[in-house]
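Shown next, in structure tokens, is the structure this report addresses.
By written order: A, B, C, D, E, F and G. Residues from 1 in each chain.
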Amino acid sequence: MNLATLTLPCYITVAALLSIGLYGVISKRNLMKIFISLSIMETGVNLLLITIGYIPGGTAPIENANFAKYVDPLPQALVLTAIVIGLSVTALAIAVLISYYQKNGTLEYKEGMKW
Amino acid sequence: MRKYAGIAIALLFFAFSISIFIQLIPYDSYEGSDYHYKNPINGGVANESIPTHYIKETKNETGAVNAVTAIVVEYRGFDTLGEVTVLFTAATGVSFLLYQLRKKTQGREANLITKEGSKLVLPFALLTGAYIFIHGHLTPGGGFPGGSVIASGFLLMLLAYPKFFVNEKKLSYMESISGSIFVIIGLLGLLFATAFLQNFIPVGKPGHLFSAGIIPLIYIAIGFKVGSELSSIVQRLKEVGE
Amino acid sequence: MVNHPVLLIAIPLLTAFIIPIFKKYGAAIAGGAIAFNMGYAIGMFSHIYSNGKIYETIAGFNPPVGIFLAIDALSALLALIINLFAFINFVAIGKESNYKFSMLYLLAIAGSTGIVITGDIFNMFVFFEITAVASYALIAGKKDKKALEGAIKYMVLGSIASSFILIGIALIYSQLKTLNIYDIAARIASMNANIKWASFAMLLTGIGVEAEIFPLNGWVPAAYQGASEGVASLLSFAPSKAAIYAIARLMLVVFPFHATYEIALWIGVVTLIIGELAAFMQEDVKRMLAYSSIGQMGLILVAFSLASQGLKYALMASLFLIVSHAASKSSLFLLSKSEKMYGMAGKYTGIVSVLSLIGMPPLAGFWGKWYLMLSAMDEKLWYVIILIFFAGIVETAYFARYLHRSIGKDGESSLRYKAAMAAMASFAIIFGLLPLLYKIASLPLWGG
Amino acid sequence: MEGKFAYVTTLLIIIWIALIYSPNITTEAFLEELVAGVIISIGVAAITSKNFEGLGIKYLHPKRIAYFIAFFFVFLKEMVKANLNMARIVLSPKLPVKPGIVEIETDLKLPSAKLFLGNAITLTPGTMTIDYSNNRAYIHWVYVESTEPKKAGEIIKGKFERLLKEVSS
Amino acid sequence: MIEQILDYVGMIFVFIGSLFFLFGTIGLVRMPDLYNRMQASTKTTTLGVLSFLFGIGLMQLQWMIKLLVIALFIVLTAPVGASALARASHNAGIKLWEKSVVDKYEERKK
Amino acid sequence: MMLVIIAWIMAILAIVAAIYAIETKDLLSSAIAMGIASLVVSIMFLVLQAPDVAITEASIGAALTMAVFVYAIGKTRRWEE
Amino acid sequence: MNSYFVYLILSIIAASIALGTYRLLKGPTASDRAVALDALTNITTALLVLIAVLSSRFIYLDVALVYAILAFVGVIAIARYLEGGL
């Protein structure tokens, strides 16, 4: 295990963000908090994809005569897609939450709302 | 109870994911010999990996300097069409859901500095947004960040002025027209070339603004579309009362 | 002209994009696009039925480099079912809805079609998201408390699911550097075993949420109960069928190992038992139908897992089960608009659908269960046979109660609605009698 | 209207050139960029130029530009000075602060001039504009030296206001 | 020769910039109430960024123009945010430190 | 090597911000912390040589998502019970 | 650029980030956290430019550009929320 590997902190962050998000989704009762947790989880997934695409010593895949080694461009393209999808789901979720709040006057879900 | 269950599951998941990721660290190159790919249609085998293909051939095949943009718009343009559609679906859904809710009453005015400051920043935000999405094939960025910078500019105005609203009809027309342009460019590819979204105009000289065929056109369409969609989402959220 | 399956996606998207300009005629335009899609799907299906597979590259790059659409007879059949029922359903509910509803409906259909016809794993994820986002909005669109609750549950689970699918894709990509399903299938054996199983688990969890399999189906009853009839009907034939097909394709074909087959079989069995028992205990009609759907999904998964072992009968069984379930459940959901089954059309629909679900010959559902039994006998899986009988008995019990309670006298409902309902139910008969599905099962499938 | 429009367009084109400049750009590429930039600037200016009050073409007068540059340099000087002062306050163990919100008056009329004055006051640490109401500004001050509006104004506004008045008159 | 001098000058600027970050955040921790923290942190770090960017620009002369544009944007935006936040906090009822000498804004509101 | 140090700093900051975002009862602070986590992750993207993603994450993840959440909190309720 | 110098700068920045994070966690009000966010944003912008220099790529500056113009949108949203103007 080499601490000087760039990908190591990134993988640790990914694992931490995913677990933190999962913990929030499972243990919190406030719906807004649940969606914040989901948003954190999405960030973690995006970081995972980028980390997988990283090549030690590579540079961004934008051509430049001074560089010979480039990182993998495909995961970056995928993450661009994933980020926008995450935002869309968040926006729609918030619209649903606002409607729910106007109907119920609360964002906590009670025992009646079983899974 | 629920909290401890959450902690337990999270810790288990953490251990699981770390144990998987640790095994990923050694894989740090895509140019290894066993990463050649196979064409599923005719079974032909290439002696390079897919990332290598993108790095090497992007400039010749698409004319774009930025390989990520080339992948987003050309190689995997269909994904991008889907992604734009997801955003469009979300915008439609937001307006569908928030349509009949309570409208808000008058909010407090912002102070002079915020108001004048947003006015002053707006043109710069729009210019930067345009810069970002028009240079998608040359520099980092592209339609999505560009569109969201533009939307942030309008968001600023929406925040600073309680009465400011972008014209609903114009936004929706912009959304529709730019989205249709994307699909129509794709269909023109089917018509003039052989496949959906295929490039059918000359590639030009790599590195210049007017190059890379349909990539800038599609990115401009995406930029307008994303900008107007995000603005309309935010505007809808603003209209709703508490 | 019928060998450009990309039009199945592009035309609905184009139409959905331009609907906001012609707000007044939104429903009509959307109906036109769905009709076009249905026609195109029929044409494509007949083309594939006689000529074999279609491959279409997107943007003119060869497959693993670019995206491509790969359609065999099975996916063409699913595309056909989705678009056909979408059209009939839209005839029933489309005219009253406003233009945003039509747009969302159109997008949900385009997304489910995309899941079925694409040959690229990330592209599949994108289409999953289109379908899911459109479904969230459609479910919540009824705007009462139950609908919003259902939508929120679906959304939470759906977002976790999409994260998990992405993790699975990322793990696969980290090893194989490819996203093409066929390329992955060809080289899956060379993958590091731990990462392979991790990605399998992630993908199964993710897609399982959409496919309503146990234990990820917490959202199903709430969502079906909350949604309006047309939307519940849509959910029962489009996204869930597309997702179960995706599971069959990804899990059983891309990961062709004995363990995956075992896992899928057991998940299917458990889902079946839980779904049927829970359905038996429900009072609310829509909830009962929803749990019954879960049970049927379990049955379909069992059939697919047996089919992945190369059993021809099991493949046939899964086709029949899918068709039967799509036809009967969507018509029953439409029927659940009122408490009682009114009129000729109502009674006809209710009885035919229920009979098909229970498995009465010669309806499609019967053939499904029959061939499943035959293939289980081949494999000497006695517990599967017992389970099918058990499921049949439980289904008979709760559907008998349902019929007993809800057959009523004449009431009012528009002619279009009744006709659509009856037409959907008729497909349970038509597909039971036609030899079409036997032929499909004998064609080369799964890209093999 | 036309004056404002031209003014904003010119400003945006200048910013655009600064944006597109890169170390090894060729003339041909630069011209292409310039064409696009002019189109975009005109478009952006068409949307936003009506927001700017009183920025007519006459403001391109050399004298005003000179005053604006002078304002900029005075501002930089004040900023550095105030920052050093702030560093001293932060680092000294006793934390010599005597905070409060004071009221000052300003004769500036144009909202944009008020904005620049407020921003300049805010960016010099130690003072921070909180709000304007008509011709009064409310300033949070870390070390209040005077609560009299006149005297406080003298200390806080310093030379800023005079220069800005020249620019905006 | 000139390049080296510029390099060293740039380093000094970068160093000063990062020191300002440190001062700003020390102020952020030490200051007694919100408004003083804002005074200490937001603006000090803004100057820190400007100095940092200028230093980098001296090291890489060709990057200077773009760095100046970035600096311009920061100068335009940072005070606006700070001022809006200060007013909002005051309106939201966040009190000044009890040892504050005067609060004219509160008086005006009454 | 320097990039690795930056990555470690950012990793710690991201984890702290994320934990705080989950644990606090104040949803507004939660949204702020989420914005910071997203900001920090976008620096990690740049460290990993992905400028396109960094721009997108900065503009969408940090600015817009946070603003949207703040809007939502403004329309509903700020405190978790 | 001298690498020891970079280490020096990085350690200073790390210390500032730690202090900013302390304020973020401590609060006590949401406004304090927003101030911490603002300070961290400024530090972050500098860090982005530093990464661009370390990677010696001019085009990375675009990221900092977008940051510079968007960073305060979040702060203004929070401010407008706090004073009830949303």
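The rule is short, and it goes like this: contacts are C-beta pairs under 8 Å (C-beta built on N, C-alpha and C of every residue); 3 or more make two chains touch, one makes a residue touch a chain.
This is a predicted model, so every value here is computed, not measured.
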Report summary line: Every chain in contact with both chain C and chain E is listed here as B
Requested in this report: Would you pick out the chains that touch chain C and also touch chain D?
Outcome: B
Query raised in the report: Which chain lies the greatest distance away from chain E when centres are computed from Cα atoms alone?
Result: C
Requested in this report: Check A-C against D-E and say which one is joined by more contacting C-beta pairs.
Outcome: D-E
Query raised in the report: What whole-number Å value describes the gap between the mean CA coordinates of chain A and chain B?
Result: 16
Query raised in the report: In whole angstrom, how far does the Cα centroid of chain A sit from the Cα centroid of chain D?
Result: 38
Requested in this report: Quick one: report the Å distance separating chain C from chain F, using the average Cα coordinate of each chain.
Outcome: 37
Query raised in the report: Measuring from the mean C-alpha position of chain A to the mean C-alpha position of chain E, what distance in angstrom results?
Result: 30
Requested in this report: Going through chain F residue by residue, note those that touch at least 2 other chains and give them in order.
Outcome: 1, 3, 47, 49-52, 54-56, 58-60, 63-64, 67-68, 71-76
Report summary line: Touching two or more other chains in chain G are residues 13, 17, 34, 50, 55, 57-60, 62-63, 65-66, 69-71, 73, 76-81, 83-86
**Report entry** For chain D, residues that touch 2 or more chains besides their own
**Finding:** 15, 19, 22-23, 118-119, 122, 129-131
Requested in this report: Going by the contact rule at the top, pick out the chain E residues touching chain G in the complex.
Outcome: 7, 11, 14-15, 17-19, 21-22, 24-26, 28-29, 34, 37-38, 41-42, 45-46, 48-49, 52-53, 56, 59-60, 62-63, 66-67, 69-71, 73-74, 77-78, 80-82, 84-85, 87-89, 91-92, 94
Query raised in the report: What residues on chain B touch chain A, complex-wise?
Result: 2-3, 5-7, 9-11, 13-14, 17-18, 21-22, 24-25, 28-30, 50-51, 54-55, 58-59, 65-68, 70-72, 75-76, 79-80, 82-83, 86-87, 89-91, 93-94, 97-98, 101-102, 138-140, 142, 144, 206, 226, 233, 236-237, 240
**Report entry** Complex interface listing, chain C residues touching chain A
**Finding:** 122, 126, 129, 132-133, 136-137, 140, 143-145, 148-149, 151-153, 155-156, 158-160, 162-163, 166-167, 169-170, 173-174, 177, 179, 218-219
Report task. Going by the contact rule at the top, pick out the chain E residues touching chain D in the complex. Result -> 19-20, 23-24, 26-27, 30-33, 35-36, 38-40, 43-44, 46-47, 62-63, 65-66, 68-69, 75-76, 78-80, 82-83, 86-87, 90, 96-97, 99-106, 108
**Report entry** Touch list for chain G against partner chain F, complex
**Finding:** 3, 6-7, 10, 13-14, 17, 21, 24-25, 27, 30, 33-34, 37, 40-41, 44, 47-48, 50-52, 54-55, 57, 59-60, 62-63, 66-67, 70-71, 73-74, 77-78, 81, 86
